[in-house]
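After this come two complexes, each holding chain A, first together with chain B and then together with chain C.
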Partner chain A sequence: MTPSPLLNVRGLDVHYGRFQALFHVAVHVAQGEVVALIGGNSAGKSTLLRAIAALLAPSAGTIVFSGTDLGDLKPHQVVALGVSLVPEGRHVFGSLTVRENLLVGAHSRRARNAIRQSMEEVYELFPILRQRANIMGNELSGGEQQMLAIGRSLMSGPALMMLDEISQGLSPLVIKAVYRTLSAISRTGTAVLLVEQDVRRSVSVADRVYAMVRGRAVCLGVPGSLTEDDLKKACFGFELQGARSSEGERS
Partner chain B sequence: MTDLIQPIVNGILLGGLYAAVAIGLSLMFGIVRLINLAHGDLMITASYLSLVMVEQVGLSPLTAAVMVVPMLFPAGFGLQKYVLNRALRRGPEPPIIVALGISIVLQNVLLLIFSPDARSIPANVAVLAVPVTENLSLPVIYLMGFGVGCTAIAAVHVLVRRTRLGRAIRAASEDDETARLMGIDTEYVHCCAMGIAVTTAAVAGVLVGMTFTFYPHSGPQYLLIAFGVIVIGGVGSMTGALAGGIVLGLAQLVGAHVFGPGHQLLCGYLVLLAVLAVRPHGILGRANS
Partner chain C sequence: MRLSRQPFTIGLIVLLGAAATMPLWASRYWMLLCLTFCLYLSLAQMWNLLAGYCGMISLGQQSFIGLGGYTPAVLSVYYGLPLWMGVLCGGVTALVFALLTAVPLFRMRGVYFAVGTWLTAEVLAVAFSNWSFVRYGMGIVITPAYQLSLTEMYYAGLVMGIGSTALVFLILRTDLGLTLMAVRDDEAAAQTVGVDVFRSKLYGFLIAAFVTGLTAGLIYLHQVFIQPYKAFGIDWTVRLLFIVIIGGIGTIEGPIVGAVIYIVLRQVFSEYLDVSLLLMGAVAIAVMTVAPKGIVGSLQERFGFEILSSRRT
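Up next is the complex of A and B:
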């Protein structure tokens, strides 16, 4: 018997005014799983993450996380349930120090010991943040800001971590370091939903891959079964022959 | 020259009171990015509430202050929650108009209840002074204003810089959406910030009521003073509010002494313009704020 997924998105429609961005999207993520969501520009990847984080209200469909329907919740309530999003563009708080940024990430938690422990874990993952603890967020390099954004997100103790375009604007060395960290995070049992335009790299760490094509999610399957051609088509938004729609996969 | 010492000392002490008047506006304007045009009227409402406590209930001014100041926190919290947050969802401009409306309503309610007569909170300390030299004495009410103003600034500074709520206020003001992604209920945080701002306005209102006469329409006058203080000191800077208050207080009282009482306000605003010309972000403000 298959265990129920940690995150289960079914039949999700999202509109921006009269423009429909997502069409009957169905995606699921199991505990400890790394799922990559690939696709071209404006395919709806970030929209899906924003809807799961309750920043956008769906017009149809359900988002169930750990048995709780996220439909009527606000973003801070979703974070408290164990879902965190590292937004595209990092968005560290420039007027707060690195340490304060991390503490803001732990806002939904009260237990001081747990917060202190999470901060130690983040400092172990990204030792540079410990050295920069009292530096303002806007004084960090792009790579350091990305590490801070991921670390800050980890401070809420998430069961599901969503990351949006984390390699954007970073040097290859930094990207490598960030991806090493992702593997370490998933080993702790935290599920990861990864949105990337760097397809090869995201697929290399994923257990399963979805492609977003013009607002529709298509499950491509496990990375080993994917050809270079499948990935190229997903990136450029072509229809994927033989790939099952995520609705079909679940039915 | 020696006759200038008294207005200089009085100006510095008045600066503390002006800082107390401005600190709530500075918190909302500089940190929450909300211009509360009703700030002065909320302050004057606290003055009238204290007056009622003193005249009708028979409390001492200090006891009245202890009663009134905490009452204003839920008022500010509720105002933000039920009125301004709703307006804020429609963009940054509607809350300004709504606050202007609240200002007009408050002024007219106060006018209906208390008539347009000038009032002041009767307090013995208002006429006391500590003699220092033959030509210099320190008015006790100004000393109180300065002390309370400095304490209020220190308290708000510690709250904003050192507490969980303060971090949340700063994060929400910098990037509301990301703050929500960090688990911060930004609307609740704005309510708390407004509650604190109105509480500081209440502290200032009680002091102003004991120091000067006030009318139902005095609110906008103190709103202007508060704007002057935060523009001179630097938007969002708590220590800047104290510096701004002292500069404005000095400019007004020294100006009044040199050019005559009719030039008091003019001198204050000339200094304000001079600071804007030389240092547009204020004495202790940051250029990017």
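Up next is the complex of A and C:
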């Protein structure tokens, strides 16, 4: 018998006023799995993450996390259950120090020891944050802010981490460092749902890939079975210049 | 450049000692000035808690001031309740009113919230000026308040001034303070990390309403007379805005410096009553031009020190 997934989204519709952004979306994520959600602009990727985080109310469908229906929950209750979101654009708290940003991330936890331990783990993943612990969030570089946003999200002790466009506006070296930490995070058993426009990068770390096209999600399968052509057809419908195969990227 | 805190700590202790013994050595004039300073400081700290730390720019603090003033007036004049009990009830009335208005007001953001709070106060002003129970716009003379000595009033005001400052300092060092500042910086991001935004803002709003209501009770016991269009007038919030903006919004020391400047200017310009508001406005513009973050905010930025720091290191 297949174990029930950690996150199970079924038949999800989301509207912005009269505009329908998601159409019967079905996505599932198992414990410890890294799932990439790829697609072009306005495909509905961020909308899906926001709906799972209870920042948007679905008009139909169910979102079940760890056996609990998230339908009527508030965003803070969803975080307390173990779902965290690293929003697009980082959104660190500019007037708070790095350490204070991390403490806000641990807001849903009560045990002081667990908070201390999580902070140590974040500092181990991102040593630069330890050095900058007393620096204000708005004084950090873009890469450091992204690390802080991921670290802050980890402070809630999530079982599922959702990351929205984490490579946006970062240098290739920083992107590489950030992606290395994603692998480390998934090794601890935390599931990752990754939204990226950088298809090759996200597919390279994923266990499974979904494509979103005009508000509909299509499961493409495991990266090893996907050709470059599959990705192009599913996501964009146009040729990617100089693209390599996802298998080649993984090897 | 880092400044040592020791001289400030010593200075603070000396000031507190002087304030505590003031009735023994100071004249009535200085005690009145100090009392006024303490009461404005308390109101300003609460406006700063809302605007500077919660990101809620309220133009309706006069709602809590009016309710906090009318409650002890009505309870002591009509029902013979002890004055201090009436002041406490005034704080509770303001708190209950804040609780009732929080849901509709929190649905508004930014300038809409500001206008919403202002209109709420205007509704109260109109309601009270048409309410026979509170003698319409003629107001109520709080006759039992004549029994209070200046020393009693002074110590009550001192407790409010110091207490409100200490309260803000302590709140900022708690989990609530941290989440309030996070919500102020980025409400959407605060939600994604598990902050219950509504509850955090509500707590900030209720605390500010309660303390403002208590302080207003003291102000009107001191003035002995309350009228709706004065008590619920926007002048109150304008004064608080002046104090906090020139002192330094989002700093604990800002309202202290701002309140000192306000009291001094009020005394200096009292001879030129017709143009005193104009002169105060000119001072505010000059300060904002030279020090956009207020006097304390700009000094903190330049020298990197905070006397009453809420930072977690």
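Here, the second predicted complex is superposed on the first by the 234 of 251 C-alpha atoms of A that agree within 3 Å, B and C clash if a C-alpha of one lies under 4 Å from a C-alpha of the other, contacts with A are read in each partner's own complex, and residues count from 1 in each chain.
Following the convention adopted for this analysis, a residue touches a chain if its C-beta (ideal position, glycine included) is under 8 Å from a C-beta of that chain, and two chains touch if they have at least 3 such contacts.
If you're wondering where the values come from, they're calculated on a predicted model, not measured in any experiment.
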item: Joint occupancy of chain A by chain B and chain C, clash or fit; value: clash
item: Contacts of A:D198 with chain B and chain C, given as first, second, both or neither; value: neither
item: Partner chain in contact with A:E121 - chain B first, chain C second, else both or neither; value: neither
item: First, second, both or neither for A:P87, with chain B first and chain C second; value: both
item: Dominant toucher of chain A (residue count), chain B or chain C; value: C
item: Touching partner for A:V79 - first (chain B), second (chain C), both, neither; value: both
item: Contacts of A:N134 with chain B and chain C, given as first, second, both or neither; value: second
item: Partner chain(s) touched by A:R99 [first = chain B, second = chain C, both, neither]; value: second
item: Touching both chain B and chain C, residues of chain A; value: 53, 55, 74-76, 79-80, 84-85, 87, 91, 93-96, 100, 103-105, 107-108, 152, 156
item: For the chain C and chain A complex, residues of the former touching the latter; value: 175, 178-179, 181-182, 184-186, 188-197, 250, 311-313
item: Complex interface listing, chain A residues touching chain B; value: 53, 55, 74-76, 79-80, 84-85, 87, 91, 93-96, 100, 103-105, 107-108, 152, 156
item: Contact set on chain A toward chain C in their complex; value: 53, 55, 74-76, 79-80, 84-87, 91-97, 99-100, 103-105, 107-108, 134, 137, 152-153, 155-156
item: Chain B residues touching chain A - in the complex, by the definition given at the top; value: 164, 167-168, 170-171, 174-175, 177-186
